[in-house]
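Going by the order they are written in, the chains are A, B, C and D; count residues from 1 in each one.
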Amino acid sequence: MIVVVKHGASEKQIENLTNWFKAKGVEPDVSKGTDMTIIGLVGDVSKIDTELVEALDIVDSVKRVSEPFKQANRKFHPDDTVVTLKNGTKIGGGNFVYMAGPCSVESEEQIIYCAQRVKAAGAQILRGGAFKPRTSPYSFQGMGEDGIRLLMEAKKETGLPIVTELMDIKHIDLFTDVDIIQIGARNMQNFELLKEIGHCDKPILLKRGLANTIQEWLMSAEYIMAGGNHNVILCERGIRTYETYTRNTLDLSAVPAVHELSHLPIIVDPSHATGLSRMVPTMALGAAAVGANGLMIEVHNDPPRAKCDGAQSLTPDQFDQVTASVGKVLAALRG
Amino acid sequence: MIVVVKHGASEKQIENLTNWFKAKGVEPDVSKGTDMTIIGLVGDVSKIDTELVEALDIVDSVKRVSEPFKQANRKFHPDDTVVTLKNGTKIGGGNFVYMAGPCSVESEEQIIYCAQRVKAAGAQILRGGAFKPRTSPYSFQGMGEDGIRLLMEAKKETGLPIVTELMDIKHIDLFTDVDIIQIGARNMQNFELLKEIGHCDKPILLKRGLANTIQEWLMSAEYIMAGGNHNVILCERGIRTYETYTRNTLDLSAVPAVHELSHLPIIVDPSHATGLSRMVPTMALGAAAVGANGLMIEVHNDPPRAKCDGAQSLTPDQFDQVTASVGKVLAALRG
Amino acid sequence: MIVVVKHGASEKQIENLTNWFKAKGVEPDVSKGTDMTIIGLVGDVSKIDTELVEALDIVDSVKRVSEPFKQANRKFHPDDTVVTLKNGTKIGGGNFVYMAGPCSVESEEQIIYCAQRVKAAGAQILRGGAFKPRTSPYSFQGMGEDGIRLLMEAKKETGLPIVTELMDIKHIDLFTDVDIIQIGARNMQNFELLKEIGHCDKPILLKRGLANTIQEWLMSAEYIMAGGNHNVILCERGIRTYETYTRNTLDLSAVPAVHELSHLPIIVDPSHATGLSRMVPTMALGAAAVGANGLMIEVHNDPPRAKCDGAQSLTPDQFDQVTASVGKVLAALRG
Amino acid sequence: MIVVVKHGASEKQIENLTNWFKAKGVEPDVSKGTDMTIIGLVGDVSKIDTELVEALDIVDSVKRVSEPFKQANRKFHPDDTVVTLKNGTKIGGGNFVYMAGPCSVESEEQIIYCAQRVKAAGAQILRGGAFKPRTSPYSFQGMGEDGIRLLMEAKKETGLPIVTELMDIKHIDLFTDVDIIQIGARNMQNFELLKEIGHCDKPILLKRGLANTIQEWLMSAEYIMAGGNHNVILCERGIRTYETYTRNTLDLSAVPAVHELSHLPIIVDPSHATGLSRMVPTMALGAAAVGANGLMIEVHNDPPRAKCDGAQSLTPDQFDQVTASVGKVLAALRG
């Protein structure tokens, strides 16, 4: 951390400041120039509140030199993290995965049919919501425990591992046979939930918050990793901007940015990002081209009759085409 | 709800659509013009998914005519809600309240001193964090249970009711003597938490999410009210924009907007909105002038040594000046 | 346009409103239901001010049914526009073009060397700034007239058509031999400039404004087309959001959105969007994958010594790799 | 400017860098610590491209220590600028002004009636658009030269100075008797126009761009001042955010921010910010309370028949109430 002292600060004031830093356990390195004095801080600066120091009368500005995330940081962990599911499916590194299925589980027939179709198209993981975060308390809130049970039926039937959202730690016992726990965008900074799942041993799919920066997202991953769970998969799902044509604005540059900053795998969800099924195949190609480690796509047997998010769901036939065309792009990039 | 059918849709297609609406329990009212056909939907349209209908081939566009929130809606409840605390303090209507105190409880001396000072300056409610949502898992997370205990000491000492944040329903038993439960910005769409506190009988202070619309905010209030708890107080605390000079952008127009749309009281937190203590007194005046029902302000005995958010905390002396100058603006507006 | 009248409006009020519409030259089609009255407006509603009608006491809401752009609208012009330059180079339809070169022209050697290298790599058009819009009046403002002259030298030397920015119509005479006139992001809503270039016969490259919607962008294209110039090429160059890791947020979903709404070609500029040269090759792949009609990329002989935007410029060698890898993606998508 | 060199850079690399700085005319001050090397740059760093330096392999990060604006900077000009019009009206310092009138001039009767009414209510300056920037080429574009002539009639009739928008320097001769030239939000970064009006001797009202930062706004003021014209008045008119309830989000914290950073006067336009006439009186109070130097408000004799922006225009009677209630707030703050 670097602290720029204002022109005109007295010797005494600077000494007080350096003593204050020492009391916080960091070593100040004072460098006086004709026009400015700079204090470099060496040691564990994580206990120093940047904004507080910036507010001091004699301080002009403060700059952190290193990122505040450690375990998620590629600097300290240069190799890609590869998350391996119980059945051997690998996420991250050179692998490309599809997580596909309906927004919400609606019936045994529906989820099994969807599972069979997405598997046939090449998906390795089945997605399906049992607990649904809805903006309105009057909207369908998901089948809950029954939904989880039906997902297990689909898993038994097809062998596909399951990813589904956990909204409250009190439901964790229902997730014993779930393969990947999803934390939704609206809970990305539900820190108590992040702490709890940091203590479980399952892979976590952490969606980016509606309007969170990449750094905040990595800090939320850090919460999970600080608890001991290093199997975190990130998922870009669009951010909130002023543009209203699409539901959110898919930030595909987050993919190379995360690859620079972190060793964790990152997948892309074009369904929630655009909110428009007709745009999903195109944006799926873009995600593959910029180096995503996989895709999460909503596929429903009958979108116009879906209980939620029908407008952004592909039919199984459309999903067949997505995996075929994405496959071509991946092959071209590898070749 | 109004559905505009595309030019060129066949009779048969329109009939299928109207039958589908009937099956959903709403009554379609078809109005054919030369250039367009419009279907008005009467009845409980809350089960109709706007985006889904919009995605149908024969539909050009869909528009909701009424707001999706009911219990929070001023249309159905024209009079201002006034929330009354156990000691008789009233929030909403013609009353103006100050909730003041440190970002986090740090010690018995600190919280009692702050409580005495903010009370002397005119505050009716003491704020202080025991459970703190922090971006980094390595930052101070609050004193937890001990913090709540110290808040109760301060309440006993000064008689001030307490507002403090609840981050996880598992802590609810600690909140028995807390007067107002705060739900933080990052939990505004933690729907499971909203449902739980909808079943308690305490007033709730619901902060606006980092990047949530006014309508989403009122929908979150609706979640609480749908559970039976009508004592909801809204708190504008700045929204995320591209501007970086202030921590967030204080959206003061949200105050008259909420007064139009809802009967619930709304207060303003200029401390979190600006992140800069030197701007707090000015923005407090602005909040009073636009009709806020009160202010939430961070006041700390020694801001440079605060364990969190020191940069945005006022000293007790500065807070004295805020209540004095805000008082003048309120008197001028009433006079 | 559809006007929803408030419940409780009197017959007389509705009659006054319909008469007002008639006076504006549109035909109102009143449809009364039990709960609401809807007025559909047929005819040229472009003269009706939506916001004004929405503000009337008896009006609940107003919705435009059709887009306000006509000549740029794919509905009225289903086939892709293909812009053909004097030397036969085609932009739009199934063609993919590269516009490459330095941010600003700095010397004869520099621009000719860059032109030769980007041509060798496959670029069909040379970019280079002579007039530079800079945030600071103290920054290098471009070589001006001399810059244009040097671009002409490079054109003579390599045969590459030239695209360069026009900031003020008073410079138009200098642009006689320029092939494509660029209108920069900051001038996207400089309507007087748009009107002027609407009367010239050169292709226009219209960059999206910093924080403009896709619809506003198409309305600016409409300004140019309304003047008679139909050769408009759109260029997505990143939008302003709260995220600061990249300079702007590249909105790749704007590419399929523009293809839906308009017949005009759209290219992508990953250099300005990311502001980081190391991200340009990746985002170029993404742009190609989502169906852009081309790329605009900054290439400089010696980026660390560039007079502007060195941080986002590729070296010629790096650009060689971009065209090679983008070529593979394009081939895969066609194959 | 401070440059943090990456851990691991060689002596030779650091020497090359410092030599490069010296060649740019700035003096590098190298400070080596155990964990990092910091280079402080003294002298005129305005020629150093921050982003370029940041992109160098051996550089970790770069920070500017001083703001890039000089003449608009309060540090170098501590006293408030007071702009004085020909008739003696003062803007800035302790003065509070109202600029009021219709969005656009429509007829002689209309503009004279509006002028008389806003003068009677206490306004010191008449606003009215003759050249109108409209999103659509098909919307009313203003009366142009005739509009300017009618404004002069209104000035003769009432003695009120005139503020009106200039969209193109070619119209400057028509502005001889205009008192304040307005530069609209969409032209805030039309640098060629800024340069031109920097050479004229009239006060300039510079509106904040749709999505521009406070710093960019001050840099645009700097463009005008660099040309020799120091009579710049800033106008906050709402910024673009994700919220759609109001047309823009009025950023009232920009008022104290500008007062901190600059000596230039700043007024607030609540009409364009909210787009809703019913919110204008409330937000005008807020603007006065946070220390604005004045207000710009749209007032129209018959808003429902206004040729533009009727939805946000007050009637003269409503404006009477605004000046009365704002006057009370101003008196309270002074008293």
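We adopt the following convention: contacts are C-beta pairs under 8 Å (C-beta built on N, C-alpha and C of every residue); 3 or more make two chains touch, one makes a residue touch a chain.
Computed from a prediction, not measured in an experiment: that's the story for all the values here.
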Chain pair with the higher count of C-beta pairs in contact (A-C, A-D): A-C
Most widely separated chain from chain D, with each centre as the mean of CA atoms: A
Chain centre separation in whole Å, for chain B relative to chain A (CA means): 26
Separation of chain A from chain D, taking each centre as the mean of its C-alpha atoms, in whole Å: 39
Rounded Å distance between chain A and chain C, as computed from the means of their C-alpha atoms: 32
Multi-chain contact sites of chain B, meaning residues that touch two or more partners: 211, 240-242, 244
Interface residues, chain A side, partner chain D - complex: 2, 4, 29, 31, 33-36, 38, 40, 42, 60-61, 63, 65, 211, 240-242, 244
Parts of chain A lying in touch with chain B, wherever the complex brings them together: 46, 49, 51-52, 54-56, 68, 133-139, 167-169, 186-187, 189-193, 195, 209-212, 216, 219, 222-223, 226, 240, 275-277, 303-304, 306, 308-312
Residues on chain A engaged by chain C in the complex (per definition of touch): 211, 213-215, 239, 241-246, 249-257, 260, 273-274, 278-279, 282-283, 285-291, 325, 328-329, 331-333, 335
